[in-house]
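Here the structure is laid out as structure tokens; the discussion comes afterwards.
Lettered A, B and C in written order, each chain numbered from 1.
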Amino acid sequence: MSISALFIVFALLILAGALFQKTARRVLAGFLPGAGPYRAQSVRARKIKERIAVVFLIGCSSIAVLTTIGIILSLVFESARFFTLIPITDFLFGLQWSPQTALRADQVGASGLFGMIPLFAGTLLITCIAMAIAAPVGLMAAIYMSEYASPRARDIIKPCLEMLAGIPTVVYGFFAALTVAPFFRNLGDANGLAISSESALAAGLVMGIMIIPFVSSLSEDVISAVPRSLREGSYGLGATQSETIKQVILPAALPGVIGALLLATSRVIGETMIVVMAAGLAANLTANPFAAVTTVTVQIVTLLVGDQEFDSAKTLAAFALGLVLFFITLALNVIALVIVNKYREQYD
Amino acid sequence: MFRSTIALGAAVALTASLATSAANARDQIRIVGSSTVYPFATVVAEKFGKSSHFKTPVIESTGSGGGFKLFCAGLGEGHPDITNASRAIKKSEVENCAKNGIRNITEVKIGYDGIVIANSRDAEVANLTKRQIFLALAKDIPDGKGGFKANDYIKWSDIDASLPNRKIEVMGPPPTSGTRDAFVELAMEGGCGKIKEIAALKKTDKNIHKAVCQSIREDGAFVEAGENDVLIVRKLEANPNAFGIFGFSFLDQNGDKVQGSLIDGKSPTFENIASGAYGVSRPLFFYVKNDQAKTVPGIREYLAEFASENAWGEEGYLSDKGLIPMPAAERKKYMSDAKNLTTNIMM
Amino acid sequence: MTDSISLPIAASTASKARLASRHAAERRFRIYGLLAVLFGLSCILTLFVTILTGGYNSFSQTVITLDFELDADNIDASDIHGSNFRTIVRRSTYALFPDVTTRQDKRTLANIVSSGAEYQLRDFVIAHPDRIGQTVTLQVPMSDDLDQLSKGVIRAELDESERRVSDIEISWFNSLRDQGKIETVFNGTFFTASDSREPELAGILGAALGSFYTLLVTLALSFPIGVASAIYLEEFAPKNRLTQIIEININNLAAVPSIVFGLLGLAVFLNFFGLPRSAPLVGGMVLALMTLPTIIIAGRAALKSVPPSIRQAAIGLGASPMQTLMDHTLPLAMPGMMTGTILGMAQALGETAPLLMIGMVAFIVDIPGGVTDPATVMPVQIYLWSDSPERAFVERTSGAILVLLAFLVTMNALAVILRKKFETKW
């Protein structure tokens, strides 16, 4: 089994490597007589070649779909077992998440404690804080790099910012827990505000910093790809540079920018370490950024690596959470797609 | 051009490395399990690997629950040989193991882990009783009229005037943690028994008694801080108001930053925990698949290293790492179990 | 370009004011952009400085010079592995302070030298069997506690009860330092060894190689597959409901928590295909699945931003769709695809959660030799060290982070060079 699997992987790899540009043409040229770069080739040969390539491309795209199916399959069975233990309505609409006493079989009143609402509220709160930092900073940085900075400066700034995405989350976690959180707590003490030392604010802020490059780099790419003719047309009409950016370039780059923002949001939703370290694990249902909250993914990880039995409701809850999260983000993505289609401007 | 070269290069490198390390019979012990036992098991594994001609075992840190899940999944090379646990194996897990053909398991207790409540050196040393710990951290406390109310203590001094005039803020492990379970069982339930309203409840309604004794408050006074004890220590250092609950070895290493609180008049020192005078400590275990000792080389030798006085004895190297040794009689029993691979788990 | 052209007529005060306010808005906008960039750069600077100040100590190690008598009583030339080097090291250590006699003090004295000394001595004898019977002088690492004392992390001025090093150890340390036996040297072990539970013997090489193999697999799988998917979805797929579902599905995959990919890897690669546990091959495959959405999304955005006129021109000249793609569209979209790959790989380099399920969060001493050997990766090593009780692991953690960042910088620099090569502005 393992050898055949390795072989499959390897075969895929060869195929994939072969795809690239000129290599592809050369490889295919070897198979098909008469075909070759810039040489006369029969239309038929070209058609076959094209078809092979398209089949390969379809194969590659289907991997993502297969992954999704695999993920659903690996979550759904355990989730079903979870729902035989805990009623699905209690899970979906419960306002209290507290798996602490439900460990034991002889425990009473354990059902109400697996309400997922506080976890999703916490995820939403932290995501909003992070995006409130990353979206404006990232987008403005992208605009500055693409439109104002000299190419030289841009070449330095962009990779520097990209480093932010690669710093291990443990580092951000320590930074959030030991530098940012105490700073906010002291600030709150000085102004008479009760800011918990495990505030959502600290975790969200640091996470926002982490995802700046997701917004800035990807947006920068699409912004600088907007055709120059659009810019020049706009200048020709007397618009200032910032007016051009706001009214011409951004609408043209919108799908890419939204894609970047979505990707950044996804990264925040999936992040665990920073929240565990800076905001703790207490599931409070609150919209107050100064309070401690927890997120869905943090709970999933904590439940999966816990010391409790693996087939207890506690561990199974992790699978159910994963499944629900999957469908919620799916809904969000559908909404985003609708928005993009509505506001997208196609130029050129 | 550049790209295709890279792609091809990667492909070549990959095949080369695949070819050199084709899967052959396992000659290395595989261990999974608790993150609490991890720091001790790894020390033994390293010594074992360096001083014998066997390969150093691979030890994964998966949590006790995940460890048992992997351990009980089946016999054979694809499954681990040993799992570490910070709690004893449960009945359902034994059944799961048996269902998958694993009937001969040896349980080896390796020693004790003290659980301490500590705070920053910048604050005063606290002298707590279990009753006070319960009153500070329980979700519901007696309201004095025969019923219960949500815990409304805000400061330690509200519980007892002798305690510091500081806000109750305790960082501890989440409910999925064995440390939390042990803490609840030893400290909270211990304190519970000291309160007569609750003690009375034990006779009338066991379930409510249990729920009252085991629930920890969720209004922010108890902070669920994850399992990274180093982080808790550093948070305590920054916040003199807070207390933290963690393993003894972290207190031992950070004595300049944090100090352990006295519980029922005893301070959490190595001697006090070992003698049992300090009442909050729990046993640590590992479990071995006896059938796999025949096929995987080195298991017996690894067990012999672990169960030697040089390792888990009173002056062994594990005690240097903060593991509290078992009394001599217990060591003897588990040493013989480990040596003979006695199946001591009842199916 | 933005200079206002002053019109000779009808420049009323109102229009001048409007123009001034428009220019002010322009300046403000530009300043916001600059501030955003500066904010990002200051964050990266702060993080780097924090890590550097915490980590540079890990690159040095306190060593002690000892004389070892390699007598034939303790060393059996035919069985060097089984020889009693522990006794030799003990004897040399006791010889430093002959007046220490009590059992307790001797035990403490023996512990000032790292437990790695006996293995270092063993390796020396294996390399130089001719020295048996002689006395050799070697530098061996001191224990982590004394190393921390020498670096000032453990402070001697504290009360004895508050530190791990006792007064007598400090007096020994000071006397040895005055005799010139103690030195601080470059910590080569850190770069040549694998994980260890003794901080003074722990190194990053095993994890670094693990990361290298894992990322190699990830890149080899996710880049071609990601680019090919992006091309199909953007250039060839019919724009219908099915494609939309695939698009949403891919966006959605980006939001799946990474540990769930670990669950998938456990179910598919380990349980179904029977691939080995803890292997970089499986780790790389799981991370490839995880980074695919990032690469596909970035790749599609990049393809979308190629002006349609380019494609139309190529098609108009008789190029086939594949030729248009290979010769015109793809080269223009390459920088954007590289960006996606950089971000995806950076994420893969820093990821720990999905590796937990497939057994890569582990204590592994042997240095991996290929993609199927048990290995761990750098972020896992960092996480495991950051959770170790020993104080000396704090600086090792930061040191490992520095190495990881060096890895990251190299990787990014490479990608930036590649990106630069393909860049075209319209």
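One rule holds for everything that comes next: a contact is a pair of C-beta atoms (placed from the backbone, for glycine too) under 8 Å apart; a residue touches a chain by one contact, two chains touch by 3 or more.
As the structure is a computational prediction, the values presented were derived from the model and not from experiment.
Engineer: Write down the chain pair with more C-beta contact pairs when B-C is set against A-C.
Structural biologist: Spelling it out, more C-beta pairs touch across A-C than across the other pair.
Engineer: Need the central chain here, defined by C-alpha centroid distance to the all-chain C-alpha centroid.
Structural biologist: Per-chain C-alpha centroids ranked by distance to the global centroid put C first.
Engineer: Between chain A and chain B, tell me the centre distance in angstrom, where each centre is the average of that chain's C-alpha atoms.
Structural biologist: Taking the mean C-alpha position of each chain, the two centres sit 34 Å apart.
Engineer: Find the geometric centre of each of chain B and chain C from their Cα atoms only, then give the gap between the two centres in Å, rounded to an integer.
Structural biologist: Measuring from centre to centre gives 28 Å for this pair.
Engineer: Could you please state the distance in Å, as a whole number, between where the Cα atoms of chain A are centred and where those of chain C are centred?
Structural biologist: A distance of 21 Å separates the two centres.
Engineer: Among all residues of chain B, which ones touch two or more of the remaining chains?
Structural biologist: As it turns out, chain B has residues touching two or more other chains at 3, 7, 10-11, 14, 18, 23, 35, 62, 227-228, 231.
Engineer: Could you list which residues of chain A touch at least two other chains?
Structural biologist: 2, 6, 13, 16-17, 20-22, 174, 304-305
Engineer: Return the residues of chain C touching two or more other chains; collapse runs of consecutive numbers into ranges.
Structural biologist: In chain C, the residues touching two or more other chains are 220, 224, 274, 276, 281, 356, 386.
Engineer: Can you tell me which positions in chain C touch chain A when the two form their complex?
Structural biologist: 1-2, 5, 22-23, 25-26, 29-30, 32-37, 39-41, 43-44, 47, 50-51, 220-221, 224-229, 231-233, 236-237, 244, 246-261, 263-264, 266-269, 273-276, 281, 285, 289, 292-294, 296-298, 300-302, 304-309, 320-322, 326, 330-332, 335-336, 339-340, 342-343, 346-347, 349-350, 352-353, 356-357, 378-379, 382-383, 386, 397, 401, 404-405, 408-409, 411-413, 416, 420, 425-426
Engineer: Can you list the residues on chain C that touch chain B in the complex?
Structural biologist: Listed in rising order, the residues of chain C that touch chain B are 81, 107, 111, 115, 119, 154-155, 158, 161-164, 196-198, 213, 216-217, 219-220, 223-224, 270, 274, 276-278, 281, 356, 359, 361-366, 369-374, 384, 386-391, 394, 418, 421.
Engineer: Report the residues of chain B in contact with chain A in the complex, numbered from low to high.
Structural biologist: My answer: residues 1, 3-4, 7-8, 10-11, 14-15, 18, 23, 34-35, 62-66, 68-69, 85-87, 90, 92-93, 96, 169, 174-178, 180-181, 207-208, 210-211, 214-216, 218, 220, 222-228, 231, 234-235, 238-239, 242.
Engineer: If you look only at chain A, which of its residues touch chain B in the complex?
Structural biologist: Of all residues in chain A, those touching chain B are 2-3, 6, 10, 13-14, 16-17, 20-23, 98-101, 103-104, 106-109, 173-174, 177-178, 182, 185, 196-198, 276-277, 280-284, 291-292, 294, 302-312, 314-315.
Engineer: Applying the document's contact rule, which stretches of chain B touch chain C when the two form their complex?
Structural biologist: Interface residues on the chain B side: 2-3, 7, 10-11, 13-14, 17-18, 20-23, 28, 30, 32, 35, 38-39, 41-43, 45-47, 49-50, 53, 55-56, 58-62, 78, 121, 227-231, 247, 249-250, 252-256, 315, 317, 320-322.
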